[in-house]
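Look at the two complexes coming up: subunit A is in both, with subunit B in one and subunit C in the other.
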Partner chain A sequence: MTQTAPDRAPAALDEPRAAARRPRRRRLRDRATPYVLLAPATVVLGLVLGYPLVRLLVISMQDYGLRALFTGVTPWTGFSNYAQIFTGGQFGGVLLRTLLFCAALVGGTLLIGLLVALMLGAAGKRMRTAVTICLICAWAVPTTAATLVWQWLFEPGYGVINWMLTKLTVFGDLTQHDWFASSFSAFAVIWLLVVWQSVPFVALTLRAGLSQIPSSYYETAAISGAGAWTSFRIVTLQFLRPILLLVTILSVVWDFNVFNQIWILTQGGPDGGTTTLGIWSFTRAFSSESFGQGAAIAVVSVAMLLVLTAYYVRRLVRAGEQW
Partner chain B sequence: MVWTKRRTLDFTKGQMSSFRPTEFRPRFPYALEATVHQRSTLGIRKLPLLAGVLALAAVGVSGCGGSSGSSTPAAAKRSSTLSVWYMDGDLSSQDQAAIGAAFTAATGAKVNVQIQEWANINTKLSTALAQNDPPDVVEIGNTDVPLFAATGALADLTPEKPALEQGQSWLPGLSGPATVSGHLYAAPLFAGDRAVIYNKKLWAKAGITSVPTSYAELTADLDKIKTANPSPDFSAFYFPGQYWYGALQFVWDAGGQLATESGSTWSGALASPAAQQGLATWKTFQNTYSTAASRNVDTKSPDQAALFAQGKAATILDTSLNTVLKDNPALKGEIGTFPFPGRAAGTSQPVFLGGSDLAIAAKSPNQALAEQYLKAATSIAVQTADIVGVDGWTPVSTQLITRTSSTLSETSKAFAQAASRSVATPATPGWATIESDASINQFFAAIATGTQSPQQAAQSFDSHLDQALNATP
Partner chain C sequence: MKPRSRRVTVNAAATLFCVVWIFPVYWMVNTAFKPYGDILRPTPRFIPVPLSLGNFADALGKPFFGDYLRNSLIATGAAVVGGAILALLAAVALTRFRFFGRRAFLIAVLAVQMIPSPALVIPIFLSLKSANLLNTLLGLSLTYIGFVLPFTIWTLRGFLHGVPVELEEAAMVDGAGRVTVIRRILLPLVAPGIIASSVFAFITAWNDYLFAYVEMKDQSHYTLPVWLVSFSTSTGTDYGGLIAASTLFALPVILFFLVIQRRLVEGMTSGAVKD
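For the complex of A and B:
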């Protein structure tokens, strides 16, 4: 659709002449071709994404709990699930927490990822291979396994981190310190874990982008008297923009929905201090057996993600066209 | 709920060695096996929202499937084989066979037993009971029974109650949760509870010669042990902050309640003066005798039985010696048990009674046969010879506890004694929420770590209880 949009204006202007030149049937076939080619993908997407989304919308407007499951009676309640979410007094805090945590994750991932990518470019061949292998290994660890390792690393009393920090003799005896007792330090630990797992993708993608920048641009910049920072700004960042946009969108979507890491490490605790939208939706749906409310929270999350990413998706598409 | 009795009831005599008591076993919990399961459900990397969407859709689809096929008359499928679901690690196969034999002798019908895993059992039960061809008889954890009873999943057993009870007084911890608005929806199967487990050598080394019989004696003994073992990673009494089954004993002993029911409305009661006193006593006890590292953890990570087995803890409160002896067989004969002493002289703290009930699926076509099966399982003969005699569980009535007490081993006696003063969790479907969302773990951990005063923590948790316990499922 986006590709045809810029073409449409001239095509419309040419309409009368084109119609005169070409037989009607052929014109129809030309027009239909893209739709025919898109049809299989549309059908598959409709089945695996569209149908669940529609079901989700329907459930979010029903009083859908265990009773509904056993009796098959699903009373239609309109927007009451949504009303309960917004008036329950929890929504504001959860949303703010989710957004801040997401912003911290995306910012951290992009910054560290970019630094690693630049470092890869500057490093020698052997070092580059070694770092790349390390990155891919970190990337390859399944989320759940990595989270369990993290849990053990930061365990009070027996965790390696506490032992190491105590050995440094700078912070005093930290062996009994519990990182998950306050929501700030719990978030910090989860942040480390998620960023550690997300950096490889960002770093390798940006590295791929960096390697495509012709070195002549840097030479030109240097001849024109640009310093390292200026040449980074006007050459590197300009070239990386579409890729940066892409990884930003993906990071926002992923980090907004971080679930496993939080659920396994804190279950939303202490005292709800790490409850994000995903955790909240899950506990409403599967701990309180209120599938309707859980669905409503999920719908709200999807809507918010759409708003958050819409701007960037547009920019990405445009940037892609320019390139 | 589900996982409670898995660890609650683990004080058997050996044949369940594969089963470890774990403090915390929510549907997607810390335990490895369960988190692996979680991956398979929500495993799309970093896209749990999508996965959640799919999961919800799946729930929706299964719900619809159940209702659309309901045109077949269920009674037409009457059969003389009864299908029974037991939970993994609860009754031994010997017990199951004994109940089956008694049932077959009475009715001539056969039994088809299936063993279910604990992971995700509530979802599994929900799906199975919603179908038109459900298992006839299901074993359900005692605190989960209200969830299914109140939603129309289980058959009403009120008319059969006298025949099932056979003149016994059932333990309120088992029959209470099975009773919703005066109607009985399940029959007790077996119970289990907690008692103090102590390392005889460590206690003797601190100069203690006799088992404490009052709370004051207990703390005096623990003080001596603490003085004799000053290391910061040693616990005179290891008591994890999220160990709510244990912490509740202090609340109940002080005369407090989790929640009170008036009419049909539940209200959280932890801010009441009695409960506050219990919470304060518990906080002091936890902070004084357990390591600082234990204030925000559950009994599973680190495993309290393993700590005890390694000698890092002189005393723990637990359901069984099995895991300790498995971790360190050398401790055999070196371990003693006694009921946790209560405030009032000569009493023990009321215990949280875990256990399982047997229920009949409301949609089962074999209601009469299923009732016969329940009668066989609750019969005095099976309870005495098998539930106690073979497996070492606590039987379902006070009379049976008295009757079987003489046959128990020395270490099992304390558990049976403690069970005579038991309390149940609120018999309402909303209780399942409190366990699954781990809010009760966080409530006690907040008090133990001191991030909130008992008063603050109780006020916010009470309002959560108000909301969750009164929710209609």
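For the complex of A and C:
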């Protein structure tokens, strides 16, 4: 896409020559046209994304609490919000939890997604359709609806999962088990939910990539004596690399920011045990009315995400040099 | 492995996967259609007989349901239509003109997509508050348009690159103005791109919980997701109504996805840079 961009824009290159033949007014109008076309989008982007981003940084250095909300007076406090976050004793735990949960989600989604993609390629036509339909159903259920269904599936007393696990008779009577009473099992339930929802995109995207691999590559590998594992490693993985990179980065970004599922199911509990950076920022701001600290946590998490995705962003910007 | 046994293994794995993956959706629909008394049974029923629509009536009969539906439809419609129009104009500028600031704009659009939206909830809340736009559909619609724009611009830009400029030049030689060119030539050719990005915009706005939850404080201003969640916490154990409402909320999207499934992956990945 990026390589072909220059030769695909001949109109733009011809523009000066064509303009020279036109009267001056027309030329002025032509020069203004792109800006006029861009203006509405720029205004909305600036209002909804640009300005809030700057404001986020500003608020994170202000004493922005309940008083500021009513009086409008927001004293400048420099880095004290950050200092309070880092020294409050919670930061390390929340950060570790966020990173581990994100890693577990990304790992699980990619592994299952890749296996499903390979399975789609190996399965017959009818089986493939069945799997695709199941994937699309799971993908389409809106997050809130899926989260509420999850709550119902794991409901102590009448949840069907509890009932089925009890029927297995391996774990004893789990019908009354409250999954959200311990942070580990709460995370496990949320992990299942997020993975259930994210696998479809990853699997179908990887499947699209797999179907692009010419079969002659596998034949060559087989002739050269490569076993199934070797040919998977040298043909499949090599070919999939750019797509794998893309879905990995997207998964990291999405999973780092999982919010709705945690908020609706546990609100960060029990006892802060499922509080990730996003939940922490939100509760500092909207439950404790300390918008300054909430903003500081958000800034820290944006910075962390940038570090995590730096490699990809650098590649994008480098590709941008050819635009 | 022999081909035969390999096929059996693959089919068994695929079957198992299907059962596990479809189960939550099946259980949602199953619960929604059960008669009220059958939902809270120590031994769950796996087939909803006798079929009952009582839970749906229960959900639809809740006060303000019409308002929630309307609010969701308006905000989502604004995101889809507004996003598409603004993005199309911007994409035309980015692909058909060479001007100062073009590259900077493109980089900004890409960079902005890396910023997690939950991080912006605090400043957006405070900004809308000082602009007196909290609790209004205008504020919420603006938020959604802003969030879908970067992706939509990027997608449409890709599609516009694929439309040969000669077509437009020919039309202009024949005396067509810029507006006519956009309307009669570009629009029909980039329609697939508009559809792909509209799907994304629809999902973003229709599914959003966080921003609607923070911005809309009056109950009559809730959107469907906010109402669904408040439904769950305020009524405790009314799972029949809750799950029926979730089904109503999810089914249109599921059907829509199944209809356009071929374009889904294409649409989702076209926004990201490919190598």
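Basically, the second predicted complex is superposed on the first by the 263 of 323 C-alpha atoms of A that agree within 3 Å, B and C clash if a C-alpha of one lies under 4 Å from a C-alpha of the other, contacts with A are read in each partner's own complex, and residues count from 1 in each chain.
Here, contacts are C-beta pairs under 8 Å (C-beta built on N, C-alpha and C of every residue); 3 or more make two chains touch, one makes a residue touch a chain.
Remember, predicted model here, so these are calculated numbers, not experimental data.
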item: Partner chain(s) touched by A:Tyr158 [first = subunit B, second = subunit C, both, neither]; value: both
item: Touch count on subunit A, higher of subunit B and subunit C; value: C
item: Contacts of A:Gly272 with subunit B and subunit C, given as first, second, both or neither; value: first
item: Touched partner set for A:Asp173, first subunit B, second subunit C, both or neither; value: first
item: First (subunit B), second (subunit C), both or neither touched by A:Ala298; value: both
item: Subunit B versus subunit C as contact partner of A:Lys125, first or second or both or neither; value: neither
item: Touching partner for A:Arg67 - first (subunit B), second (subunit C), both, neither; value: first
item: First, second, both or neither for A:Thr283, with subunit B first and subunit C second; value: first
item: Overlap of the subunit B and subunit C footprints on subunit A, listed as residue numbers; value: 49, 51-53, 55-56, 59, 64, 69, 142-144, 148, 151, 155, 157-158, 175, 253, 256-257, 259-260, 263-264, 278, 281-282, 285-286, 291, 294-295, 298, 301-302, 305
item: Complex interface listing, subunit C residues touching subunit A; value: 6-7, 10-11, 13-15, 17-18, 21-22, 24-25, 27-28, 31, 39-44, 85-87, 89-90, 92-99, 102-103, 105-112, 114-127, 129, 142-143, 145-147, 149-150, 153, 158, 161, 165, 168-169, 178, 203, 206-207, 209-210, 214, 225, 228-229, 232, 239, 242-243, 246-247, 249-250, 253-254, 256-258, 261, 264-266, 268-269, 272-275
item: Residues of subunit B defined as touching subunit A within the complex; value: 26-28, 30, 32, 35-36, 38-39, 42, 45-50, 52-54, 56-57, 59-64, 66-68, 70, 123, 126-127, 129-130, 147-148, 151-153, 232-233, 291-297, 301-302, 362, 429-430, 432-433, 436-438, 441-443, 445-446, 449, 451-452, 457, 460, 468, 471-473
item: Residues of subunit A that touch subunit B when the two form their complex; value: 49, 51-53, 55-56, 58-59, 64-74, 142-144, 147-148, 151, 155-158, 173, 175-178, 180-182, 198, 253-260, 263-264, 267-272, 278, 281-283, 285-291, 294-295, 298, 301-302, 305
item: Subunit C contact footprint on subunit A (complex, rising order); value: 1-2, 4-5, 8-13, 15, 31, 33-35, 37-38, 40-42, 44-45, 47-53, 55-56, 59, 64, 69, 116, 119, 122-124, 127-128, 130-146, 148-153, 155, 157-158, 160, 163, 175, 196, 199, 201, 204-205, 208, 242, 246, 250, 253, 256-257, 259-260, 263-264, 278, 281-282, 285-286, 291, 294-295, 298-299, 301-302, 305-306, 309, 313, 316-317, 319-320, 323
